[in-house]
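Each of the two complexes below includes chain A, the first together with chain B, the second together with chain C.
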Partner chain A sequence: MTLQWILDGVIAAATLALGATGVTLTYSNLRFANFAHGEFISWGAYLALTLAALAGSVFGTAEVAGPFSFGGRLLLAAGLAAALTGVIALVLDMLVFRRLRARGAAVTAVMASFGVSMSLRALLEVLYTSRPRYYSEELEIAMPLGAGLRATPDQLAVLGLALVTGIGVALLLSRTSLGRQMRAVAENPVLAEIVGIDVAQVIRLTWLLGAGLAAVSGVALGVLVQVRPSMGAELLLPLFAAAIVGGIGSVPGAFVGALVVGVAEAATVRYAGAEWRAAVSFVLLVAVLLVRPTGLFGRQP
Partner chain B sequence: MSRAMLEADALVAGYEPGTPIVQGASLAIGAGEILAVLGPNGAGKSTFVKAIAGLVPLGAGRVVVGDVDVTAWPAHQRIEAGLAYVPQIENVFATLSVEDNLALATRGSRAARRAALERALGRFPDLGLARTREAGRLSGGQRQMLAIARALVVEPAVLLLDEPSAGLSPRVVGELFGQLRAIAAGGVGIVLVEQNVRAALALADRALVLVAGRNRLEGPAADVAADPLLAALYVGGVAA
Partner chain C sequence: MSGWFAYACTFGVLALVQGIACLGLNLQWGQTGLFNVGVAAFMSIGAYTSALVTTAAIDGRLGGLGMPIVVGLVAAMAVAALASAAVGALTLRLRTDYLAIATFGVAVVVDLVARNAVSLTGGTLGISFIPRPFASFADRPVPFAFATFVLVALLAFGAYLVLERLATSPWGRVLRAIREDERAAASLGKSGAWYRLQAFTVGGALMGLAGALEAHAIGFLSPDNFTASVTFQVWAMLVVGGSGNNRGALAGAVLVSALWSLTGLATAAWFPPDEQARAAALRIVAIGVLLTLTILWRPRGLLGERTAVSRHLGGAD
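After this line comes the complex of A and B, so read on.
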């Protein structure tokens, strides 16, 4: 039982990793810290809730597959929610962020993202109230995994999803033409333009990908915990801590950073008490910025 | 000069509206020709080629590549018209490998991309030996070669080079200019902005001297080299 807290930390890290991957991609390509990223997580979770309920009312009762508390219906809803969240991000970019980026006003863009974040959260509370919601009322029993460790099938599914998504995004960046273009835009957008890359298009795809990943992490969090309007905002500091610990721009970095943050939080809860949990990300963030600002995998161009 | 591959006509351009740096400068260049753009510091040489590349807003004027008027085209599309630009600094992606730098410029099918990449590496044997190295780890001369190799991947009609010799040793400049001569011999028109006046005039077929954003003197390189105005402009330490 003694190592159970590590497994709990790793599972928390899985949801964090999906969100942190989005943060690291958008931060490096758009060149500002988007504090509304957490709201993409919440919006993705709620959109999936509504879409799954819609599908449920069309096809009948709630659907459950195998040992999981969810089924293909929620997966489909999650996919659609990811696409819709991407569209929300594109619209926000068109209305707010693109203009500020064009003026080179990164600090203003950060401040504006605070405002956007609050508006998006308030809108969720108006639409859904702040009462916690659940994708399913199914109760899940943790299964023994050996060595005294236990996890629910849902937790293992989220772990698998995070790994597959992470590997997919890492391959996209390293092996595909779009990935190469994204890395080029992150390093030097002017030169990217000169080389013939449609930088505006690459930025749009980055928003879609980043916000889509956030939505997926929101659904994962909703499956494992619950769906609340503040779920994303509360995750914001750990997300940025994970992305910065790993090194902005690096997908493997986002995963390792999420692992560091997730396990450090779990260790703190186990050995110091749950009230210290919120301080962990902050301490890690400050420590990394002081000692190694480029993070574990970040590179100084 | 054969039919012009590139014509930049009476360009007015600058970063701030109302205070243009380029004030009506023009150039024309034919296939296989090398045109040196000279002038003292602050004459607007770099801004002139940047405006041709579409990176500085135009107040007035026209840019035509072949028969295509690209004046209203964004920078990233001008490459498709056959106009390739190599900036003076930060002209390679330092965190990307040599191969990835070149691959960014390739177009078309996988096989076509592969072939274009191999052609570019074949032209510069130094790069062929360092294909998986990060561009940030290359020497100054190799970086310049990589930037030019990448510009050539699209087989442009015209190559715009902003001070390619800056910061390079005389030996490397000699090598580089030798490559430029070979590239021009292949039919590519080269617009060469240079501070290194003597080397540029030795390489170029024609030269254009800009002063205060306007054409001040132009003609065959030998005539410009012999013109007393050129000496007057460069004496007094305005430009090295």
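After this line comes the complex of A and C, so read on.
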């Protein structure tokens, strides 16, 4: 139907939003554009793949729950993968980024993240080869939603997951003491330290949250599409675009930005051809930088 | 014997081509502190420009002007400079990271255009029959390879001399002043954004020249010549060689190219054919680790930036 592409765009936006939330949080709290963020998505997806396969070999054949192509086993694997990806991010911070922060070299941290991302992606190719993988061989039939729109149960599940996660993170930032601390560090780390906030602790939590959300978005993408070593790297530009369109540091902004990018990509696929999809993010990025560099919900840098 | 000599010449050509791109990156990053994630894209822009200007006309493809190689090289520098100026004008007033993100976007879009705008770039099949210098004695591989090497070496040396001259000129001093303390430079009336834009544009032009030279040296061009891993290698060259130092940029280019070729030979010899893709990925892991370790442990690289103090201060510290 004619409006189906909008729904497809919204579903793509759901996976983007999870990743963009992580980008916007790490960007505002750690003060550098982390080019390795896309690799957290890929690593999360592959870790979940391995963990689910391990669980499968312990508990028997693949498990499917209800109308979905996945079951509790993949959910459990995704949770563990999110935690493990968080640990990877913490280790990288300890080995690389913390030292560069101490040196006060933000641009050098961007460059180091670029080197780290190439290594992490190539390492996935070494471990898993570049052959696409799938969580399940189950075929899913899209069900009618009314008004001529169709979606698979998996797609609706991802949509719901993204909404719940987004509201959860937004509440965490606005309603809890931890959220206030994170916003204080984003605003001014030195002042935050003076009023007694444990800045190092906040930075660790930012890494855990950002990398964990990236891993969840990787699993969601793996359920909807497939798992490939380059999946995260290809998502990096749309993620940056979504975070900047929404305004760096704003979680609702990341969601609105992801929606803009997702629907614009779907429109491009429909009206210009799928091969131009990746150019959309760049066009949106250029437009925002020209018209309103702070994004929709961002404050003055 | 002559086989090895021709191989060494070809190696030298490719290493020095990347060396020229590395010199451009040194002007952007080493002297001015501008982070460019789209090195391969600006090389690609130069390569395709020169190919379109110099190849013979083909049905169904734009360009094909059949001009001399020199015209192609100049056009390559001009178009790459224009693209750099556009990206710079858009981002250099904003947060420093925005330049990195925007150049990353340029890399994605240039790759997309190279693969999909078939009437302009030949798509994934690329462009073949790009005129090569010294084509008149292409039937004798050794002198041909040597002549190409000498040409590229002269151009690299020329670029080096120009950049050294620029670095010690008042212009170069302004760039370093802005990099070190933009507010102090601004108080002397030097606009940071304007000088950064100039440095970024000149650096981009050098990358365009490097890409065009590679296209003419190989005689063939496809989107796979300019993947993200090329950007990554040029960065590794600059960081390992010593950013801020033009000699370091060239030395790093030769060193990292040699490492890349040697590990390539080693993996080809040691890994079975069906494991070659994995082995190639392992090489990228190694270069990434080398890059990150150099940033952490020896940020100056092998040669490092020389401390430049005005001679009027007479050795005072």
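The rule we apply is simple: the second predicted complex is superposed on the first by the 300 of 301 C-alpha atoms of A that agree within 3 Å, B and C clash if a C-alpha of one lies under 4 Å from a C-alpha of the other, contacts with A are read in each partner's own complex, and residues count from 1 in each chain.
Basically, contacts are C-beta pairs under 8 Å (C-beta built on N, C-alpha and C of every residue); 3 or more make two chains touch, one makes a residue touch a chain.
The structure presented is a predicted model; accordingly, all values stated were derived computationally and were not measured.
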{"item": "Touched partner set for A:276, first chain B, second chain C, both or neither", "value": "second"}
{"item": "Partner chain(s) touched by A:140 [first = chain B, second = chain C, both, neither]", "value": "neither"}
{"item": "Partner chain in contact with A:196 - chain B first, chain C second, else both or neither", "value": "first"}
{"item": "Of chain C and chain B, partner touching more chain A residues", "value": "C"}
{"item": "Touching partner for A:180 - first (chain B), second (chain C), both, neither", "value": "first"}
{"item": "Touching partner for A:188 - first (chain B), second (chain C), both, neither", "value": "first"}
{"item": "Which superposed partner A:63 touches (first chain B, second chain C, both, neither)", "value": "neither"}
{"item": "On chain A, positions contacted by chain B and by chain C", "value": "301"}
{"item": "Of all residues in chain B, those that touch chain A in their complex", "value": "53, 55, 74-77, 79-80, 85, 87, 90-96, 100, 103-105, 136, 150, 154"}
{"item": "Touching residues on chain A, where the partner in the complex is chain B", "value": "177, 180-181, 183-184, 187-188, 190-199, 299, 301"}
{"item": "Residues of chain C touching chain A in the complex", "value": "33, 35, 37, 90-91, 94-98, 100-102, 104-106, 108-109, 112, 115-116, 228-229, 232, 235-236, 239, 277-278, 281-285, 287-289, 291-292, 295-296, 299"}
{"item": "For the chain A and chain C complex, residues of the former touching the latter", "value": "27, 32-33, 35, 96, 99-100, 106-108, 110-112, 114-116, 118-119, 121-123, 125-126, 129-130, 233, 236-237, 240-241, 244, 275-276, 278-279, 281-282, 285-286, 289-290, 293, 301"}
